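A single structure is presented below for examination.
Labels run A, B, C and D following the written order; every chain starts at residue 1.
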Amino acid sequence: MVDYSSSELMVVVAARELKDYESVLVGVGIPNLAANLAKKLQAPHLNMVYESGAVGSNPTRMPLSIGDPCLVTGAKSICSMYEQFAYYLQGGRIDVGFLGGAQIDKYGNINSTVIGGYKAPKVRLPGSGGACDIASNVKKIIVITPHEKRRFVEKVDFLTSPGFIEGKDKWRLLKLQGGGPYAVITNLGTLKFDDATGEMTVVSLHPGVTMEKVQENTPWKLKVADKLEQTQAPSEREIMALRALDPDRT
Amino acid sequence: MEAGKLTTMKEAVSRFVKDGDTVYLAGFTHMIPFAAGHEIMRQKRKDLTLARATPDIVYDQMIAAGCCKKVVFSYAGNPGVGSLRCFRRAFEKGLPNRIEIEEYSHFGMSGRLFAGATNMPFLPIRTNTGSDLPPQNPNIRTVKDPYTGDEISVVPPLKPDVAVVHVQRCDANGNSHVWGIIGEQKDTAFASKKVIVTAEEIVDESLIRSDPNRTLIPDFVVHAVVHEPWACHPSYVQGYYDRDNDFYMEWDEITKEHESTMRWMDEWVFGVEDRQQYVKKMTTEKILKLLPKAAYSSPVNYGSV
Amino acid sequence: MEAGKLTTMKEAVSRFVKDGDTVYLAGFTHMIPFAAGHEIMRQKRKDLTLARATPDIVYDQMIAAGCCKKVVFSYAGNPGVGSLRCFRRAFEKGLPNRIEIEEYSHFGMSGRLFAGATNMPFLPIRTNTGSDLPPQNPNIRTVKDPYTGDEISVVPPLKPDVAVVHVQRCDANGNSHVWGIIGEQKDTAFASKKVIVTAEEIVDESLIRSDPNRTLIPDFVVHAVVHEPWACHPSYVQGYYDRDNDFYMEWDEITKEHESTMRWMDEWVFGVEDRQQYVKKMTTEKILKLLPKAAYSSPVNYGSV
Amino acid sequence: MVDYSSSELMVVVAARELKDYESVLVGVGIPNLAANLAKKLQAPHLNMVYESGAVGSNPTRMPLSIGDPCLVTGAKSICSMYEQFAYYLQGGRIDVGFLGGAQIDKYGNINSTVIGGYKAPKVRLPGSGGACDIASNVKKIIVITPHEKRRFVEKVDFLTSPGFIEGKDKWRLLKLQGGGPYAVITNLGTLKFDDATGEMTVVSLHPGVTMEKVQENTPWKLKVADKLEQTQAPSEREIMALRALDPDRT
């Protein structure tokens, strides 16, 4: 058994969700590592698309921003910002998108705008960026986040990016072309969403984590899958491939 | 548009940027025109509405310098690092002055600029629905799709008073070759009433005409052309100098307090005459670290009989 | 999209073009994919809806061959010469069969394709108002501008079943470099459910990656790639062969009668196996006359640190 | 006095209408010659834009079509078809556009769609192409046409491209951003449009042409300007410059 950090675990678990030939809208940090790792392993034809308009990038180092010059050198194609959102996202061509945020609620709604009131906030966050657009148009949304009580809330202070709103019935009325939230990957486990109601549901616990620990870090009573699984620990192959991608372990 | 557009940054800003203007400094991470932003600060413009999808460090600086009345944006963060502290200080605490905000998603904001550039009455977009953004922004409306009856979100065109767009190379009239991340460069130039192009290189028209598909901005939407090498540091220009990621991280430290921010500004903005002096203040080590490797495009044949 | 896209024209047409399909052969004057049109005729496809801003000679031929049920267009002329006689014969006299039409302006037609490519619910455009076109076409509607209250003309997205787009060079997966007049090449590829790319040259992926801003069409919207040099004659491919203006004028003579048209078709379409045979039938003199002079683009540096 | 053909006269008269630094949407044939002639004479900075997306072309021969490869080699800039109509025409950036057509009526409405009924026509014409878009968005429309009774009609069979509709009051209600028809240049004279009513008005007679001859070739009673002028004959400089552009006299 290989040693790994909690971030490495999240990257590996996220990478496993990606299939060959899918197109992924990649952000920086953990999503970037997860996509690159999947490409090295089970998904060599993974199509990496960046919000900045770069498509099929081949970065030779870790980009700090999604507009980093290393995402341009040797890319397959580049288009303008409006084109990126119009042709790719609104075009319905993106299979998987990664999102983060300050808060996520039980229906997968995400807040990256403000803690407290909008006009007089406790903390003003950066805002949507492309998050609302990604959440509305991508087939599967994967959220990677630390599992903390201040991040998991019963109702977000501000709904920046739609999950299943107040449940799947309400969400269907909105006729969004995206498939909505698909998975939430935390340092404790993987949560997916109930097919019928759209409620967040624990489907897998990471090695050494108990359901009690997950519940302790979540302020509402969590739904648990009928068949609660154990997350497979990262293999040596996965961890070695990941460290080759990110020698500085950013 | 008349001839004789080639001018200095001082002159271009003095002539085209007025107090109270809506200003758009273009560039999605790439080619952010810092030199123009610094000159606007040195000329002490006031009450500007600063529009930009990603305010980035350049607007954080302009807010700290007191130039700004309002920010129109979609992502007010330091990408990959965290907050824009000056933006937050102004919005949350009114330091150095209270600022208003008008907020969209990236698609909404880039769509507004596209609609402005192409003079659309409004732009239907598949986003916003279900989000708390529209209730906070009366400019985001809906129309009924005449084909399906669905309610569709729409945004209005954005037509800034003045824009600055940096390019890799252009001729003396402003016909501009741009490559790498092209962001909102073209839409900004076409949407804005006055356009200042700043360029790493001024080249002969024949070089531009050797590759017309590379010309993102044609001369007749350009009002002033400024030759300004290294205009974008700490942002970058593909093939000329890389992004100074270290500075983006340092900015988080520099801006912990308004006072520490202003000390930096006194040295690097108000303490220099122009961009040339700014560049000369940079260490050799820094310059060398930012120089890219060569990776040239393969040429294509435009010939006809 | 899976790998192994490189195939022959016969196979691509046989697999992806079905009777009754809405077909879009892209190209505004430039790079009209005649080779694909001829193969569709040889495979005797029926009841096609032929969509194209400018039906041009290629659709005139397909109409004469009896492949067509309906034409969706904005300019059904032989540019610089006059009428498309086969189009008129079918529409006015039902020869070889009656065809329906659905008509827009160029802005409307290219807008429909843009809206299809970007999956807009509808596209507001500043045209049509006051014209007799909207009363004849129930697809052209109006919506009320939510900002001014004005009535604005709108067109619906166009999403063809299958498209053929010719390009100068692409890799085996269909990442395509295109230059010169780019017309509706990109929008056609993004709007259509199935996309066949035909190319003058198949090149290594590294050559495409040397200039990503030149890539108009990314691989993942492409279903089949066909290496087909001279695919566009009598149209042209910038830098490869010029437009055969003489043939565009001769077509006016050839098509004076349905019979004379079919004699030409029997020789040049049905009488050849494929594009290679068609090209070999052309005279050396003609080939030499169409070869362009060299006019290479100046390269640019895409390097980073 | 230099000899000239009636086509040469029309080219010269049209060229004189173009001012330096204006942007012109150029078609093939006479408009192409007129724009190139103006550029050689009074308007060296004339900005020539083609429907095909070519901007600032420098053709070394006469193009047969607006998509001719000679308009691309050495052009300043090229954009897609939709971009051409959206950024340039709808963008309101074109000062002058040239149009032709099978019929023009007394308010400058143009028919290039059909003679007879739309569904069962006597003659089916090519259709609008960009004509309706140009007529709706350009500041000044200039029509160049032979002066014949079958072309000048009191009411067009089909209104492809809006002139002043049934007069300027009606036209204003449409709120088109274009300025409407500006001049009609024929082999007999130049006609412009009444400021108040939008009715076509003879303003200048070409050398040797009488008002009677113009009226004979127009099926409705033509309005005549208070000060009817005489068109200045082409100068030797104009004709020599034109023939240098078009040695084959196409």
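Note that in this section a residue touches a chain if its C-beta (ideal position, glycine included) is under 8 Å from a C-beta of that chain, and two chains touch if they have at least 3 such contacts.
Being a predicted model, the structure only gives us computed values, none of them experimental.
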item	value
Set of chains whose contacts include both chain D and chain B	C
Between A-B and A-C, the pair with more C-beta contacts	A-B
Separation of chain A from chain C, taking each centre as the mean of its C-alpha atoms, in whole Å	40
Interchain centroid distance [CA atoms averaged], chain C/chain D, Å	29
Distance between the centres, which are taken as Cα means, of chain D and chain A, whole angstrom	57
Residue numbers of chain B (touch at least two other chains)	119-120, 126, 150, 179-180, 182, 210, 213, 238, 242, 292, 295, 302-305
Contacts with two or more other chains, residues of chain A listed in rising order	54, 68-69, 72-74, 78, 86, 90, 177
Pairwise chain contacts under the document criterion	A-B, A-C, B-C, B-D, C-D
Chain B to chain A touching residues, read off their complex	28-30, 53-54, 73-77, 79-81, 83-84, 87-88, 91-92, 103-108, 110-111, 113-114, 125-133, 136, 150, 179-187, 236, 238, 242-243, 245, 248, 292, 295
Residues on chain D engaged by chain B in the complex (per definition of touch)	21, 23, 45, 47, 54-56, 58, 68-70, 72-78, 86-87, 90-93, 177
Chain B partner contacts - residues on chain A that touch it in the complex	28-29, 51-54, 63-69, 72-74, 78-82, 85-86, 89-90, 113, 118, 121, 124-133, 136-137, 158-162, 165, 171, 174-177
Chain B residues within the chain D interface of the complex	1-3, 117-120, 175, 190, 205, 208-210, 212-213, 215, 217-221, 302-305
Residues of chain C touching chain B in the complex	119-126, 141-148, 150, 152, 154, 156, 168, 177, 179-180, 182, 207, 210-211, 213-214, 238-240, 242, 289-305
